[in-house]
Every structure is written in C-alpha cells, then in structure tokens.
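Think of it as A, B, C and D in the order they're written, each chain with its own count starting at 1.
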Amino acid sequence: MTEHDRIEGRPRCHCGIFGVFNHPEAAVITYFGLHALQHRGQEAAGIITSEFLPEKSKIRFNSYKGVGLVADVFKDEKILKQQLKGSAAIGHNRYSTTGASENEFNIQPFVVNYKGGNLALGHNGNLTNFHTLRDTLQSEGTIFQSTSDSEIILHLTARSKREEQIERIKEALELVEGAYSLVILTDTSLIAARDPHGFRPLALGKMGDAYTVASETCAFDLIGAQYIGEVEPGEILVIDQEGVETGALKSYHITKAPRPRHCIFEYIYFSRPDSKIFGENVDKVRRKLGKLLAQQAPVRPDSNDDRVVVISVPDSSNTATLGFVTESNKMGEDVRLEIGLIRSHYVGRTFIMPHQAGREFTVKTKFNTVKGVIKGRKVVIVDDSIVRGTTSRQLVRLIQEAEPKEIHFRVTCPPIKYPCYYGMDFPSRDELIANRCNSDLEKIRLELRVDTLAYLSMENLLEAARTENGAHYCTACFSGDYPVPMDREISKDANDT
Amino acid sequence: MTEHDRIEGRPRCHCGIFGVFNHPEAAVITYFGLHALQHRGQEAAGIITSEFLPEKSKIRFNSYKGVGLVADVFKDEKILKQQLKGSAAIGHNRYSTTGASENEFNIQPFVVNYKGGNLALGHNGNLTNFHTLRDTLQSEGTIFQSTSDSEIILHLTARSKREEQIERIKEALELVEGAYSLVILTDTSLIAARDPHGFRPLALGKMGDAYTVASETCAFDLIGAQYIGEVEPGEILVIDQEGVETGALKSYHITKAPRPRHCIFEYIYFSRPDSKIFGENVDKVRRKLGKLLAQQAPVRPDSNDDRVVVISVPDSSNTATLGFVTESNKMGEDVRLEIGLIRSHYVGRTFIMPHQAGREFTVKTKFNTVKGVIKGRKVVIVDDSIVRGTTSRQLVRLIQEAEPKEIHFRVTCPPIKYPCYYGMDFPSRDELIANRCNSDLEKIRLELRVDTLAYLSMENLLEAARTENGAHYCTACFSGDYPVPMDREISKDANDT
Amino acid sequence: MTEHDRIEGRPRCHCGIFGVFNHPEAAVITYFGLHALQHRGQEAAGIITSEFLPEKSKIRFNSYKGVGLVADVFKDEKILKQQLKGSAAIGHNRYSTTGASENEFNIQPFVVNYKGGNLALGHNGNLTNFHTLRDTLQSEGTIFQSTSDSEIILHLTARSKREEQIERIKEALELVEGAYSLVILTDTSLIAARDPHGFRPLALGKMGDAYTVASETCAFDLIGAQYIGEVEPGEILVIDQEGVETGALKSYHITKAPRPRHCIFEYIYFSRPDSKIFGENVDKVRRKLGKLLAQQAPVRPDSNDDRVVVISVPDSSNTATLGFVTESNKMGEDVRLEIGLIRSHYVGRTFIMPHQAGREFTVKTKFNTVKGVIKGRKVVIVDDSIVRGTTSRQLVRLIQEAEPKEIHFRVTCPPIKYPCYYGMDFPSRDELIANRCNSDLEKIRLELRVDTLAYLSMENLLEAARTENGAHYCTACFSGDYPVPMDREISKDANDT
Amino acid sequence: MTEHDRIEGRPRCHCGIFGVFNHPEAAVITYFGLHALQHRGQEAAGIITSEFLPEKSKIRFNSYKGVGLVADVFKDEKILKQQLKGSAAIGHNRYSTTGASENEFNIQPFVVNYKGGNLALGHNGNLTNFHTLRDTLQSEGTIFQSTSDSEIILHLTARSKREEQIERIKEALELVEGAYSLVILTDTSLIAARDPHGFRPLALGKMGDAYTVASETCAFDLIGAQYIGEVEPGEILVIDQEGVETGALKSYHITKAPRPRHCIFEYIYFSRPDSKIFGENVDKVRRKLGKLLAQQAPVRPDSNDDRVVVISVPDSSNTATLGFVTESNKMGEDVRLEIGLIRSHYVGRTFIMPHQAGREFTVKTKFNTVKGVIKGRKVVIVDDSIVRGTTSRQLVRLIQEAEPKEIHFRVTCPPIKYPCYYGMDFPSRDELIANRCNSDLEKIRLELRVDTLAYLSMENLLEAARTENGAHYCTACFSGDYPVPMDREISKDANDT
C-alpha cells in the first residue's frame, strides 16, 4: 500500500529525482523511474535528455516539463520517443508552488548553458544558506530566473574559477549548506551528489550496461535495475563513458565531514514501504514503529467478550498497523486488524469541492468507513503522524458516525513541533497542532475528541530506526535540534524545491 | 481499501447510476454520488438535470457528459453550478466502448424529447432480447442513434399507446428482458426501476427533504444520506413532489415474478466493501469468502520454524484476505498477514506504455513487491478472481522475483467459465483461462506456475453469500446456468452498457 | 476578399454542406471542402465516412464532430487518416446554438441506424412544417434526440412503408416543406437533394473518378474538381458505384413543382464572391449591385477641388464597392476608391472582451481606420446590408473619429424588414433597425448619424441578379412575400440548422 | 486590409512589443495592444505586470505566457483580471522557434530578479554582437537559460557596477549592438528604449493619466490612446510616477550617434497600413510604392478593345495596388482594379495539410481566383515582395488555371538578395530566389512563368519612403550595405527574437 499524496493539511511530498546513463531509451526509463517516485511529488514533472547529434558532432539537451502527474505530462508517446532522444537523462517530480503564474519557471530539472557547455540539474532538499548566497551572487550581477534555491548551484558552478567541470561542481557544493540530493546532467556525464549529512536518500543502481540513480529503490524494481548501494553522504559520483567501460565510477568527496543525519521522517511517512533507504528496508522500520507503539501504548479489551479493533489510515499506516496488531497479539491482547476505512484513489489534482455546506466533504471524498467493523467496538486508529490536526479531526468525526464504543488514536511518531528546513513541507509553527496546544497531549486529545491519544516516544522512534551500522538521524521536526542552522527565517519562496 | 479499476485482462466495471430529487443543488449531489461510484465505470460520466424556468413556466433538461473520470469531466465548477441547474438530477458512470469515434453518442444518461415531454435515462445492466426488440422497432420505422441497448427502453416508452407516462414506462419494462437497474428523469419525477431478477443493485436513500437512489450505498455515506432500503426487484418507484410531501412514494410492479437472482460477482469483486447491496454488507460477505476458502484449501507451515505468509492483491482482495488469515489462525495454522504487494494508484487512463521490451512492465507499473516479507517464505496469494489469467501470471512472476520458497494461489470464487449477459464485462469464452485449460485445475496451475492453486467451491461461495432472507443468486459465469436466455449471441455492440 | 463571419449583430452564416463519393481519401477531401465553405458556419464541424470492412463484409460509418473551425476540430491528422477511413463522406459546417450544453447533439451530420442500414445527413436550410411534423411523429411514438428540424427527415425516411430506400427518402422529402439542401450518406450511395424552390445552393462536381457535391463551387476550386452543374430544385441525385461506372447518375424528382425561388441574400452577402451559385458568378452579381447603387444614389464632389472617397467595409463589400466606384467614374463623378478600413482577421471564437468600459471596443478589435484617406473628405461607405444597425452605428462612429467632412452610407440591398424562415439567421422583427424605425429612412439615417443614407431599390436588386435563364428569387426578408408559409411562429429551436 | 501572417516561404513577422504605465487595468490594455500588433508575431504571447502588494509593501511581478495567438493564450478572462493584476505592464508577441521543446524558455517578456529588484524585458530586433558578448559573459561565469540574444541585455544590466538602475541599463545598451526596440518593466517604472539606428519602430502614446508604448500606432487606435511621437533612436525613456505627475518624462541617450537607419521593409510589408512609423503613415508610403512602380514598369492594353486587369495579393499588397492602378489611369492606360484573388482567413496555426498529393494545396487553402475577372485578360499581379519565390510560383500557377491571356508580375520592392541581421526573418542566401537566379531577372521570370516581371528600383523605393525630415533607411536586404557588422555568421539560435 503505497504511501503518497495526502489531503490538505498533511505534509506534502518533496521531490523525487532520477537519472540514467548509457541507455538507448533514457527518457523512457526515466519516465518509469519518475512514475515509481510519483509519491514524492505530484504537481509537476520534467525530463532532460542529452543527445549526441552525429551530423553536427555536438550534444543537444532536450527538455520537456509540465504541470501534473508524470503520466499526464508525458501522455503523448512522441514526447518520449521523438522529442527526448538521447542515451542519458535526468528527471524530477515536484510539488506545486503557490504562485501558479510563475510555476513553469520553477519546474525542474533546470537546464542552462554556460562556458562549460550544457548543464541540467534536479534537486531534492533545501539549502539553508540560500539567502546569503543569493545576496552575494546578486551583488555580483547575477540574475535569477526562478525563485528556487536550486538555481544557486548552477550559478556557483558557472562562476567557479576552477578548470575542470567536476571541480567547479565540487566547489559549488562546498559553498552551499543544507539538504541536497542531486542529479546533474553534463555534456559527457551523469553526476549524482548528496549533501554531507545525507538528509535525503539517493541510491545507485545498474541495469545491463546502464547506470541509474534514484531517490528510492522502488524505482529500480520497476525498471529492473539492480541496487548497488547508496550514494554516500558528501559523495559526488561521476558516471561517464569511461566509468561505464571500466566499471569504476569516479567518486569525489565534499571536504566537510559532519556526522550523517538522515531524515527519519522518510521512514515514518514519506518513502514507499517497498524501498530501501539509508541502508534499511522502509517496510521493516515501519513495522517496528507499530510494534514499539503497541508496547508503549497498548489498548486492551475491557472484558473477555470485548474486542479491540485496530484500523489503519490507508495506505500510509498499513505497515505500521500490521506491526501494532501483531505485537499486541503477541502481548496477549485480543486485538483484531480490520479494514475500517476505505480510501478512494480517484481524488486527484482536478477534484473540485463545489459544496460549501460541509468541510467534512473533503475527507469524505477520500475515505469512507466500513460501519460493521466499527459499530459498538473499541477502535484503535493507527496513523503515521499528525501535522495540523485538521485531517485527523475530520477522520475521527467520520469514524464517530459509525458509532464505535471508544476511539483510541495512536501515532507512529512523536509530536511534530518544529518546521523542517531540509525539504519536508511542514507548515509554519503556528499551524502545527502540537504547538497550538503547547505540546499538551490532553489538549490535543480533546481537540481530536478521542478517548485516548498516544504518540510514539523519541526513544522508540530511534530504536525502530536503529540499523546495524548505527545510522544517525535528523529529528529536528520533533526535537528542534537542527544539524545545520538557517541563515535567516526561511521564506515561502526558499522552500520551493 | 477500495476495490476498483483493474489492469488489462481483468473484468472491467459496468456502470454506476445515481439520482436525486428535490435538492437545490441536485447536480452537485450527483457529482459526489458518481464520485463514490467511480469504481463502477471510469471511462465516461454524465449528469442530466431538470430545471424549472419560471419565466417560461416550463421545464428544461440540462445535460453535460464527457470522457474520463467524474472529477475530470466536471472539473470546472461552473458546469455544476451554472450549466446544470435544477432540483432533480440523474448521473451515470460508464466504461469505454471500442469505437472511440462514436463514443459520445453512447455516453449516458441519454436524454430525449417525446410526446410526453423530456425523458432522460441511465442504465446499469444488459438487455437480453435487445436484438429482437431492435429488429421489431426498426421494422416499424424507428431510428437508432446509439449502439446501446439502453436506447430501446426510450423507444418502447415513446411508442406505448397508454395514456399515463408511468404506464408507458411500465409497458416498456415489461417488454425488455435481462438486467437493468435504471434511473429515469421525467419532467415531474425521478423514477428508479429494477428488473424482476434484481441482477444489479439499486438502493434508495433520503437526505433531508430530498430522495436519492444509487447503485451502491457508499454513495449515500459520502453525501450524508440515510439508507432506506433496496429498490425491489421488479419495482418501479416514482419519486415526485407529491411523494416528497406525503412521504409515500408511488410504487409499481412489473407483472413478471421470477425468483430474484442477484449477481453474486458484485459481492466477490465489483461492489465496494463499504457498501450494502442485496441487503447485506459487502465487507461481511467478502470476509466469509476468505474464511471459507481457508477452511477449504488451507496452507500449512512445513515445520515449527516455518512461517506461512499471506498476501493480498490490493485493494480488491484485502477484505477476503483478512478473513482467510483470521480463519487460518483460528484453525491453528501459524500464518501471518503481510503487505507483500504495494500498489501504485497513479496508473490511470492516460498512462502510456512506451517500452515494448517487456510485457511485465504493465503489472510492474501497478504493483511492486516488498521483498523482505516474501523472500524464503511459503507465500499465499489471495486474489478475488481469475479471468484471462494474464495478470495473475504476471503477478506470480513478479512475486517469484522476490524469491519465495513456494507460491500458493487462492481465489475467492470458482473458475469463471462462461460470459455474462447481464452486465459484467467478461471476455469471450475462448479467452477465459478456465476454458482454455478445459477446467483442468492442474493445467491452470502449471500455466500460472504456482505450487498449489485453489478456487473457492460453489457451495462455499453460496454459503458466504447466504442471507437471512434467503437471497438467490445468478452464478451463470461459473455454472452456465443462465436465468434469462439470450435472443441471440450477443455482439460486442450490445454489451456496451 | 472572402465574405464570412461578422461581428455581433450581423447575420450569422447558416451551414455549409459537402459530400464526396468514390475517393480513397474521402475524409481528407471533405476536410478541404468544408474549409472552403467555412464562411457558411464557424461554430462546429463534422465529417461522416462510410467504410467497407472486408474482414466483416460490412459497411461501418465513422463519425467525428466537434465545436470550432474545421481546422480546429480536425487538427489531428490521425482523425482524418485513421479514424475516418472510407471512400465516401459527407461533412457539415454549422453555427452555434444558444444551449451550449446540448450542443453536441445538434452538430451535424447526424448519423443513425434504421432498418435500411446506416444513414447520415447534413442539412442546410430550415423546414417550415417542422412543428406539425414533429407533433405527428411524437404522437406516433417517435423520440427526438436533437432540437434540430433536420432530424425529422431521418424519422420520416425510417417510417416510410416503401420498399426502396430512395423511395423512402423521396417520400420523406415530399412531406417536409421549406428550405433544404441535403447531403445524405447511405451504405451504398451519396445522395444530394434540394427542395423544389431551390432556396439554398447545391452544386455537383467531378474529380477524376469521384463525384462531389458542395454548397458552393469555391469548394471545387480548392480540391480541383470540375463543376458540372447545379443539383436542380426538387432533384434527388443518387451517386453510387453504378453511376460512377456508367457515368449516368440516377436522378429522382420530388412531385411538387413550384417556381424556384433562390435566396437572393446568398448573392448579397452570404456566398463567397469566387463561387458560382444559381447558375451565376457571385462576383458578377455583386459588382452589379454596386453599379446600380451608384446610378441610383450617387455621391458627387461639391466642387472641382473636392474629392469623394469611397471605402468598403472589408471583406464582404469589396466587390460591390468596386462596382460602385467604376460606375461612378463612368458617370463622370470624380470618386476614388480608398482603403479606409483595415480589418483584423484575428478576432475569432475565443476572443474575449474583458474591458467593460467601452462597447465600441468590439468593433475596434476588428476594424481600424486609415486616417489619412478619410480626414477632411466626403466619404462614401458601401456596406452589403444593415440588420440590427448596431455594427453600422459603431462603424460610423469609428470613421467619424478620423474626421471626414461628410459620411454617406450606401447599402447594396433594400431594408431588411422580415425574418427569414428558410435558413438565414436574422434576429426577430423587433431587433431589425428598419422595423424599429418603421421603414423611415430619415430615422435610420439619424440613428446611424450619417449625412445621407441610401439602400438599393428592390428593382435594382432584381436587375442585378437577373440571369439569362430568368431565375426567380425569394426576397421575403425585404418584401414579406414568403413563398412557403410557416406552420406556426418559428421558435428559436427550429431555427437551429 | 491588414497585412499579417503569410504562408510558408514568406518572411515571417518578428515581434511586437507593448507597454503601459499607470492604468488600473494594465493587463487588459496590454491584451488589446498586443492584439492590434498580432501581425508582428503569431506564435507566442506574454504579458508581465507589476503589482503593488499593500499588505507586504512590496512589488510583485506577475507573468503569463503561452504558445498561440494573443486571443488563444489569454482566452480565460481570469488570467487578465485576477492573475495579472497591477497598474503597469509589458507584453510581447513572438514568432516560433524551431526547437519546440525549449520553446517556453524563449517566450518573452523575460522576467528575472537581480540586486536591483525585478526586471522584465520585451525585445524586437536582433543584436549583432551577441556571440561576442555571450562568450565574454560565459567566461565570467554567467549561465544562460534561453537561446535568445535578448537575455544578454538582462545580464549586462545586472552586472553593471553603476549605482542607478537607469545607468546600468544605459551601460548595457551601450554594450550591445544591432537592432533593438525594447520595453522594460522595473519595480518603479516602464522604460522604452530604441537602438541608435532606430531599425525597428517604437511609438509613445498617452491615454488619460496613463502612458503607453507600442511597436506601431495601430495599437493606440484600438485602445484609444493619443500618439505623442516616436521614441527616438538612441533614446531611453523612463516612465515613472514622477513623470506621470509632472508630465515630463525622463529621457536618456545612448552615447553613440550614428545616422538613423530605419528598416524600409517595415513600410513595404511588415507594418500595418493604418500605422504611422518613422514619422510617416505606412499607407501613404505604400501608395507611392505602387504609383512609382506603375511609372517605372507600366502594363498597357494591346489594343482599344483590350483591357488590363490589375489584381492585388490580398491583404498585404492592397494599398500599393491601389496606387498602381490610380497612377496607371492617370498615365492614360486603361487598366482596371479587380478582385481576382479571394483570401481565406481561416488558415491559422492549427491548419493541417493531410494531402500529400499536391503541394499547391498550400496556396489553394489560402487563395482562390475569381475566374470571371481573369479569363482571357492581360493580368497584372502586384505583390509586395518575393523571397524564396515558392509562393509566387504557386500563385502564378493558380492564376494560370483561370486562363488569363498574359500574366505580368510587379513587385513593390527590389530583389531581396541578402539576409537581414536586424530582426527580419529572411531565409539563408541560398534560398532567396534572387540569389538562386544570380539576380538575373529573366531567369526569375522563367521560374515564375510569367510574361513580364518587374521589381521596383532602389531609387523609386527610396523616393517613396522619402519623408520631409529626410529619414535614412537600412536597405541591406536589397543592397548588402549593412549599417552594423555582424560579429560572426549568425546561427539560427541567434535569430530567435
């Protein structure tokens, strides 16, 4: 059960990136790769290919981008087959900006021309010293065509005095701070890079003679590529013809060596359960989240003839719910997994809400309850997270209509209290329910109108995400402990990545 | 986990109908109703409203139809608010015809003008004496503008010599045979009718002063209507202003009284699990299908340290899988429910398949495996049905790549061996795997390449669908026992409903 | 200079029809034919082809219609090449209905299926006994799917008891009254028919082995067909394989023999000047209109050093203006033709008028004056007709801004005082300026604010249109002398042809 | 008769620009302005507005651009009214690039952000030192996002070390060479600028309290603005709030003072006849072109009973043809103006040419002959120019089919032998018929298959364009005398303006 787009009020996804080198149908492969990463960004998509024109003995970059799902943007096969020719390609899924009119300028991958030739870039993450760098660049006469922080990287590369292109890119990446997983297409190579903290995932794969990189490994499964490993935090990996032939890819490292801090929210909600990120299967971590939550905050039947019913908020909490139920039963509780919420997958970008008369229509067009399994029961809802609280409250109201005996809300992460500066689209602090209620669980419980409410503890969260090699995580949205400081309060514009 | 559109090779859905009377925003309500019924037909949608024009003291019928999902066809709010004014409306979801060019003529509801005024009709089902009636009508000088059998009902109504419109409709319905659940809009009323066998579901609901009818009750949940009961087999229910005011709706009955024969496949696959049809919750029946299948064809661990993993083909077999697992455990088997297949919900109408090089791409764009839960395990796949077998074979191959120890395929209905003449879109006999393999289970098993294969027995199927009031079912697709004969081999055209 | 669409307040065009038989690319030829007839209807277009399917040994009718110009509706070449296969085709251009939502049902050609096979029909004109026939047919149980009078012909054909299809069509045409030029496609033939009065034009042509029919001969010029002659008033011409092979087309005649009455307004405004209709070149007649108007209502210089400037309202009065100027000079007046109005051809269907602040924007987006040729001059504007007067008044105001000495308005037809029941889209009597001003020329002149105003006299109009073979004309819109009475006041619906 | 888009093989138009300052509906006014300038570029259009946001006390630039006619791009009124708010705006019409995929990046106006705030630019013309400047900028680390030369101006402005924005722009314009008429929108002003040679026109107007600039004055007529005068060659005119209030606009001058060299082809073909450019009415010049051509190369009747017929190629040669006829008659020749070619205005961007079988279809879909006026006559065709010769040859063939006695081709300019580096889209030298035939008139005549052929002499061309204030012209396309040299052979990319 793929985890992806959520209704208003939930964290919206933040970009998926993909690249392939040395494949005769690079655009087609990228199309499939972006489709597998669709959950990371549904608002716009773009593909850039690099094509060698034998008659002119030169490289041409072909570009096609548009607003909508990958399948909508590339619904005409001619785009992939005729317009996007070439054996190397990068692609990007993104979520929308508020300023619709300038939208098209912010759709990635960006493609520019500079003294070193063509350069295209797809970025997942957020730069934290964006404003400082932008001010400096502007004072030196640079113009900006997008409001995206990603454009900075291109300017820094172009302005580097170094000779080699890879050195220029390295210099640029040593100047930017924050979160970035990147795919860069040059006239001769595909470059994959990741910030020293490794906030966002980025994996390397191989299919036949071609190399491929993707935000998540589920993209490799679709195209039939073999997972090789992660692009390491701080690594700049160059995939070029020589690398293809020798089998040895050139690897450069950014000369900053902080302790990696992976985004733990990728495990909780954002990545697909069938992906492997940060060296671990998402599905496995998510199962543990449910298991530890069951230990930490169990719900017990009142009597022998009572039955506790556990329902998931599909599809994103399905895996954790399974863990919760299995562990509860192992602990001797008589709880039963039930399908209590049916989700409609027809609610997409174009769905209009013409009926003002009821705000709960929003949640109802997406979810319906199966009354038989809820009525008269002690119901546990397992959800992955609570952000604004709006959707959770509507969901609870919906379930209430099915007349359960009690509602127990269980959340597979701690309260979200801080904004994310590294690429997760949380709202401002004021809108977060945990902040609005001053982290007072009882207040949140009353606002949601549930009988009990429990969040997974930070200890259990870290325990669930513990890996053999001892991964470290960014938990800033829960703890306020930011691995990289912001140069100033991030404006909405800067968040657009 | 809603059950709806399936990939190529599966039964495609066959129309959802909806109607509302006496609501100031009839089109908006119908829009939401059709959205809830989207799984019954994703290829085209239409809404007709009847609007009283005070300045002309006359009724005008407004119509809007188009190709695509409900949300796509009605993506401009102005259509619902300005173009489709009126306090009564009917709507229809349909699946596509092959002949794209004549498509628009076949999109329902149909709307015509005859001596009795305006008439609009939405039909779910198939008429079996279509050819005979069409020949007769044509010989009398009738012209046909669609290739749909539904148009027949309008002609018969218009040609009836009876005085009262309701009598004309009754006469028409006594002439047609086969399956029909209908919503009819007249200048003064909304009429809901159902064939004497009650093949397809049709429910009546009430929201405030308005009445509403829908193929399934999940539509009532979305709009907040109360379920009153089924439109009875053979009933013609007239909802008009008088009925609204007195609270007593006029009910007529078709003078044929066969034993009702509900389509049992609605329970198995087609209806949503959160709906109540034929007087029973779909979810409940589907659970029993899984339970009885577990009893009939259990899969046992080989040894103590072995573990059987049961996975569902999401979303349509989720409920039955839950029943299978619960019952298995009750029987003492150590089986575990796992989420082994992740489904992408981004594969819609516009999804192109540019890569010829691999047929399995089709299933891969829709499903991915969670390798960790499959590898090395004895895996049970629970699916609702097998039609052509193509998708099942591809699914098995996909799961095979995750290296399970064994694959055991369990199907929650008997082998499908006969076409449906009453509205379910099965392919021709030659294409059904059960026919191709002469009902030889071992042959089918080998074709699917699974370790064991079991279909639910007819006895268990009927047992699962047994209701207190002793419902009878049409099981023709399994048994060849057709309650109503066909007037001649149904052509592709006649199937277009 | 082609005469075609006019701005708000002018007579809008009323359908062009085209047909071709025995051409391997019938749809492509029809596409070009409709393009040449675009001026007769810009709101919607449709093409029907009849295709022989060898594998099924049967005929299939393919249909494609849409809203917009021919080039917009058929902008995808695949529609013409792949979807509309077949060696016979008919096409139709139409103007829009008010009821946008039911629009699609009224787009012609209509295509139906009846006992005699497939039947498609394209109609130019209006039936006058539409209501009587519709009432009769409805009382006999016929349903109507469009609001168009053209559908009647199909019903009458289907209900005829005669054996032969051609006899059925003949019977149907003997029952309808009014104006019709028709193209009918059957399973085996293309039929062209024209009402006994011959209100609307219809010509027959030949290109290689193919026959073609068109509203105007300009369509033949584009496709390179030879003009053979007119389809005669009252003639039903059958073009089938036998006719193609023998070179002798079967001709039937409607057994009514009134004196033909061609629509004289086709010469004045509606047809293209490069067409030959009713046996005469439009350009030639239009020249004479100008010539006789110059004789009837000359404008003379005040003195020797004065100069009269004659300007045309492009493009529709260009030819008549040339006649006016030539004749004036022949008469010894010193008048000079000038290009005083520049017309923008970019004002199409999608042009929006966002600026409320000025009604004259409407005319300004279409016309601009060339100030140098107008300033200080005695200006004669030659226009083809005045309907509501709104546009004329705005045009005069526009010219006034260029500061002419005087403005003399000359109209190449008499005042329009009566509605047309035979297919020309004039507004209701109340809206016609000649009626609003009680045919008082002085009142009209004051309303238009011109120095002098003259309309061509009826005598001169008939003189200009006089042909060698003594054609007779319908002049009802000027004289109220209707050759065929209306069965009742025509509603807006009936006008939709 | 407006002069605008031409069929394949003719010079395509090269951009129209428009700006308005201090008008509450700046976008609406720009929409109308661009509509009036539509003939200068039909492939794409864009509008940028600057909007003051009181709640944020800052300026926001709003942008909307798209492919197609102005009316198509802005067909939704909401774009103009809601999305493009603000009291200052600039707009641009452009013709298409070959590289469709990167098209959107090349649609103007460009809008960027730099240290001085927002900057938007619309450019008509071509820069000649584009390559040199681009190389320099790139070597300093500048990235380019379009392939347009116009982007250079923005980079140079941003990189200027001067303090004042106007000084920066001035510096930038002193660095670029070639042809540019510009509208620039800044946070506080609208700037209009023109290169020192004044190659392209640019006019200043006033409507109430608002100022407006436009490529041609016909835009002022539509919006009701008063023409004030030209933006002078080398002038940078700043329209800001202070200027609005004081009535005195600030004017800066580029410190290069070559003799102005206006593009004489604007008079011959490109501008609308109702515009005033370079201080003279286009209509007046074009009349003289025809007059002098009649003197230079008259066509005489063979005998008394013979008649010479002069026909124009509508709409672009209408005015010159009138001059030709008037002068011929004044000279005593008995020639007669006739409308011999009817032009269809329905051939737009979407028109497809499905029929391979005949190349002459292209010209036939656009033109048809009026046979009656041509047959048996000595025909003179007056055309504005001959570029490749393809269209002329097809036109002659079309006329030939109408069986004239003789065809005499007259061209109102000299042979085009050299490409234009200043913004006119002529093809390469090899494709120009005058080059292909080595300027041998007899060879051209034979290729066109006409009886006589004459081009207007250079002397007569300059005489016709002679103005009181002694304007100087660029005649490079005829003479090869380039006022500004090119930095290197211009690539296709550089032409894209």
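Just so we're on the same page, contacts are C-beta pairs under 8 Å (C-beta built on N, C-alpha and C of every residue); 3 or more make two chains touch, one makes a residue touch a chain.
Since this is a predicted model, take the numbers as computed values, not measurements.
In the touch network of chains, how many steps separate chain A from chain C on the shortest route?
Tracing touching chains, the least step count from chain A to chain C comes to 2.
With centres defined as the mean of C-alpha atoms, identify the chain lying farthest from chain A.
C
Report the inter-chain centroid distance for chain A and chain B in whole angstrom, where each centroid is the mean of the CA atoms.
36
Which whole number of Å gives the spacing of the CA centres of chain A and chain D?
Once rounded, the distance between the two centres reads 49 Å.
Can you pull out the residues of chain C that are in contact with at least two other chains?
Expected reply: no residues.
Which bits of chain C are touching chain D when the two form their complex?
Within the complex, chain C touches chain D at residues 1-2, 4, 25, 28-29, 31-32, 35-36, 38, 42, 69-72, 74-77, 80-81, 218, 221-222, 224, 272-274, 281, 283-284, 314-315, 318-319, 322, 326, 336-339, 342-348, 350-352, 354-355, 358, 361, 364-365, 368-373.
Which of the residues in chain A end up touching chain D in this complex?
Residues 62-64, 83-84, 100-102, 104, 110-115, 119, 138-145, 147, 154-155, 158-160.
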